[in-house]
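Take a look at the structures below.
Across the two complexes that follow, subunit A remains constant while its partner is subunit B and subsequently subunit C.
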Partner chain A sequence: MARKNTDTRAMIDRYRWWEVMAIYAGIFVFLFFLLSPFIEGFLVSLKPLSQLFSSPYRFWPENGSFKAYSTMWDSVPAFGWYIFNSFLISTVATIIVLLLVVPAAYAFARFEYAGMALVLGGFLAVSMFSGAVLLIPLFRLMRTLGLLNTYFAMIVPGVAFLIPSAIWLLRTYMMRIPVELNEAAYMDGASQFYTFRRVILPIAMPGIVVVAITTFIGAYAQQFIFALTFNSKTEYMPLPVGLFAYFGKQDVIWNELMAASFVGIAPALIIIFFLQRYLVGGLTAGAVKQ
Partner chain B sequence: MIKSRSSLIFAWALLAPAILYILVIVAWPLFETFRLSFTDASLRKVTNYVGWKNYDKIFNETFLTVILRTFAWTFFSVALKMIIGTFGAVLLNAAVPGRHIFRILTMPPWIVPMAIGIFMWGWMYNGQFGMISGLLQRFGIVDGPVAFLAWGNTAFWATIVTDVWIGVPMVTIYFLAAIQSIPKDLYEAAWTDGASRWTRFRRITLPLMAPAIITMSMLSLIATFNSFDIIWILTQGGPSGSTTTMIIDTYQTAIGSKKYGEGAARAVVICIFLSLFCLAYFRVTRRLSATEKA
Partner chain C sequence: MGQLSLKSVIKTFGEFEVVKGVSLDVHEGEFVVFVGPSGCGKSTLLRMIAGLEHTTDGDIVIDGKRVNDLPPVKRGIAMVFQSYALYPHMTVFENIAFPLRVEKAPADVIKKKVEAAAAILHLDTRLQQKPGQLSGGQRQRVAIGRAIVREPEIFLFDEPLSNLDAALRADMRIELTRLHKQLGATMIYVTHDQIEAMTMADRIVVLNGGHIAQVGAPLELYHKPQNTFVAGFIGNPRMNLLPARCVGTSAAAVTVQCQGQTITLPVAGREGLVGSDLLLGIRPEHVALGRVDVTLRVVPHVVEQLGQQTVGYAALEGREENFLFVLPGTRGIQDDQPLDVGFRAGDCHLFDAEGNALERQVDLAALTAPAG
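On to the complex of A and B.
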């Protein structure tokens, strides 16, 4: 029976040659749109400045070299710290988000008490306001708490805006865990906390991993406005703000800026490359199981 | 579902830390924004309540243009994200060799710090030395250099394209998950009945991923409406205001000109629109889950 099933599936997935060509052509266009800035950015990092600022435009570098990748460290000596700061800020932010969101998402997935729908709405609604709208009061708040010009000035407001999507993702995932598990645990005399800790959490782990990854990505990608406004100390700057150091007094050192961008995103890209199985797999596995 | 006194307390105990956090970091500043919108707060030490004066001042033709522009910008961006995302998800779902690699290659715009991607687009849009203008000239599509960010019309679309570029990967991966959660039996039954690939897409894939498309477009609508980094880094709202959305307008007033009171009033208008979007979102998702149960 099972074999017959796979046979049908294999035949459904069999494409005629022109269909395969069309799919690859479509994927090429799609990926070219998504990757062209990186391709161009990489080529720019190989070109000498004189060639960058010359017309007509040339796509391929002439006398291309990786020189910018070594000179970038001299132009902005603190660059290594910017990468470290980015990782530190993102990691701490992710941990705080998980501590807040995992219990909350479980509550929203399992319990239906009066007022909870309103609270869920509040979470999604309130946190959908961008930082730009709340900047002035937040600045005053950070000053009152004495957090200005510390790592926490960038972590604390950032966390709030990472919470809604994390709650939403994890709640959706946890709603797919059968209620029968709770009922069985209840019959066996397990407490609510024990059920949450020992029954639900292990099953929800793939979902939590996905949420952790997306939260980290979000934290890493969004360190701009708060870092720009709430921190002026060079030694605490994360990567996106630190890159402005390549905007020199006269001109932008574009080749070094691009080289630095690639060095800065390489660690994140490597992590994603190894974790993408969890990312796509986690999302899809959760969806298929129901 | 589960109801008892102890589970009531347990549920709220689970929620308490997150609620407290949001109250301090978002709700209180939000309240402050409302309060400031009725004051003449600025860099000066003294702040007076001025009633509705700030609102009277901002509601003029320029501000209405900004609102309309924001809606147009958001609409085109979200629509393009949904179309390209659906297109990408269907392609990445096809059982062709290399699809796992293609899925990884979709992600960089999403996971790379936004500012870095925006810098790269800024260079690509450069009229003299950028790739887009350069290639358009090479292939003879345009005669001279096209400085995309220097003209209102092109800058408007250039910022949209960059916003779409950043948003598409997440939409695609989400849609891909939605497609893969569709029971395979449906396709097998349709295939046995001789339905073509297009019919299967039109009659099975599209209707069953519709809830995902609706949910995502609502979420995307709110995120896009709030978009700040892209426009700020690329054009700062220019040239001559052609990419000034409500967020940019608010930032320019509040942070740029230090008119905190007027800026806050603008922020309040944004908040009203966002609340309407959220209400719409909840209505739609409630209806979706209702039809799912039926």
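On to the complex of A and C.
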């Protein structure tokens, strides 16, 4: 990398070999801390249960296999259902968030009105609340509305918590879309809605995809606390709580629990993989001369 | 069709008045250029005509109809933005077709009009490309194409060439002039580039601080600036202004003392001028080497050799501002070497203490008459 720099590269981009080594070492340390729990979790899922508590502890599995990935379905027959619930809750929450946030972010990005800073500040303040602080009032609210033990109990509060950060994220993105595009469309006779639909929305797509991904992941992650509090029925149970089924009265089936965790995040990974195709950078290239 | 009148038009942003009562008549088919320094209100005035800015007071009249409260599309105008404002996700075809799609024109009409516009602008082979794949000049042509398909009576251009490099700008100037002749539409063009103004305009509107400083044909502004602002703004390098004192006047001439010399200038005198302080203006390109009607001994401290001309910056005794002179061709002038330069009395301009010009006795028609 260091020596392959061509003459056209700026001097500031050139690194000496030891600088390159230092950069890679930094990346390695960072990745190690980030990935080590996942690596160990994956290795645990490959180990037979008997090996997990052997002394001394062995990091690498002996006679490792993917057996836990098949037996996990027998130990907790409802596991597939938990994945479906998680997927459903996150998808519906993401769709609702996008339906509300995309027009809202556009309005916050393009129109100025009295008290806008207050409203945006309010969103920020709300997003600083920990969900746990509001659990008891939310529980009372859900009970009053008759939503306990329904999907809505896990979707509605989730949406409320996900909206503020999504609005901030997408508003920032939309503010970068040149206002001249709105003016040009207005000059051409396009209505606000037509401009939004035909001009702004396609250009904002990468930003919308980022918001969709972060919202989906956020919705997946926050299910645990809402499901634990607002739901006691197996048929509505999402994955994070469903994983507790691997905690028996006497022991925990650790290898299957880890296997189930990896299988459980697969749908989210597939969704992200699918969506990231739309994360095309520089979509506004050529719109205006900056 | 395509006649525009501005009647005492005012624009304020909060307490700040940007456009201060501008009145102007633009004739059908005319190419009018607004020029002025940054913040003079030229772009704001254009945006008011476009309908992108609300008019605080006064009337904007297009073809006899007051349009203050009409949206742009109902004013019969189209605008080309400085930044192109192309839709990056659409092809060139779709960009140009956009206004037609908005008005739900039939597909065959859209195709015909877009292809006609593309032919005029030499974009025929680019119709399926996206703006990101085009050069700056091509992008600006797409923006113009989007304006053309609407067949507006008035085209508005907001510094359309300022993002292009010098060579491309010269090409586009010629293209726009050709387009104006071809379409015959009224065009209003904002720029801070006086070469664009001088070369393209039928009339130039010089704006200063929200007021019109002067309206006139390019050469009228050059030869007969009405005030020191226009005198300094039109022409590059800017006009030299030297302090002078009036010592005599008649209907067709004023005698002044300037730099220790007495000069009689062919400008219209008036009563009460004798004894007053004046400013004598001389354009750097009207200064020549050697002794002429007025001769000055100068010491240039910077000499710029441009090949086609030589520009000198000299200090005059008792003055902080540089005295500029432009000599044709390459001259063997050196820094800090004193030399005599001079200029003809007939080339001089004279301004009163308020900066208003005393009218030069110049026959513009004779100046611009065809040679031979």
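By definition in this document, the second predicted complex is superposed on the first by the 254 of 290 C-alpha atoms of A that agree within 3 Å, B and C clash if a C-alpha of one lies under 4 Å from a C-alpha of the other, contacts with A are read in each partner's own complex, and residues count from 1 in each chain.
Just so we're on the same page, contacts are C-beta pairs under 8 Å (C-beta built on N, C-alpha and C of every residue); 3 or more make two chains touch, one makes a residue touch a chain.
Given the structure is predicted, the values throughout are model-derived calculations rather than measurements.
K.L.:
Kindly classify A:180 by the partners it touches after superposition: subunit B alone (first), subunit C alone (second), both, or neither?
P.N.:
second
K.L.:
Looking at the overlay, what does A:189 touch: subunit B (first), subunit C (second), both, or neither?
P.N.:
In the superposed model, A:189 contacts subunit C only, not subunit B.
K.L.:
Regarding the shared-chain residue A:199, is it in contact with subunit B (first), subunit C (second), both, or neither?
P.N.:
After superposition on chain A, A:199 lies in contact with subunit C alone.
K.L.:
If you count the residues of subunit A that each partner touches, which comes out higher, subunit B or subunit C?
P.N.:
B
K.L.:
I'd like to know which partner A:26 touches here: subunit B for first, subunit C for second, both or neither.
P.N.:
first
K.L.:
Contact-wise, after the overlay, does A:77 reach subunit B, subunit C, both or neither (first, second, both, neither)?
P.N.:
Once the two structures are laid over each other on A, A:77 reaches no partner at all.
K.L.:
Which residues form the common part of the subunit A surface touched by subunit B and by subunit C?
P.N.:
186, 283-284, 286-288, 290
K.L.:
What part of subunit B is in contact with subunit A in the complex they form?
P.N.:
Checking each residue of subunit B against subunit A gives 1-3, 6-8, 10-15, 17-19, 21-22, 24-30, 32-33, 36, 41, 84, 87-88, 91-92, 94-96, 102-117, 119-121, 123-124, 128-131, 133-135, 137-138, 145, 165, 168-169, 173-174, 176-178, 180-181, 184, 187-188, 191-192, 197, 219, 222-223, 226-229, 247, 250-251, 254-255, 260, 263-264, 267, 270-271, 274-275, 278, 281-282.
K.L.:
Please give the residue numbers of subunit A that touch subunit C in the complex, ascending.
P.N.:
178, 180-181, 183-190, 194, 198-199, 202-203, 282-290
K.L.:
Help me check something: in the complex, which residues belonging to subunit A touch subunit B?
P.N.:
Residues in contact with subunit B: 5, 8-9, 11-13, 15, 19-20, 23-24, 26-27, 30-31, 33-38, 40-41, 44, 52-59, 86, 99-101, 103-104, 106-108, 110-113, 116, 119, 121-138, 140-141, 156-157, 159-160, 163, 165, 167, 179, 182, 186, 192-193, 196, 217, 220-225, 229, 239-241, 243, 254, 257-258, 261, 264-265, 268-269, 272-273, 276, 279-280, 283-284, 286-288, 290.
K.L.:
Could you please specify the touching residues of subunit C with respect to subunit A in the complex?
P.N.:
Subunit C reaches subunit A through residues 50-52, 71-73, 77-79, 81-89, 98-99, 102-103, 130-134, 136, 139, 146, 150, 163.
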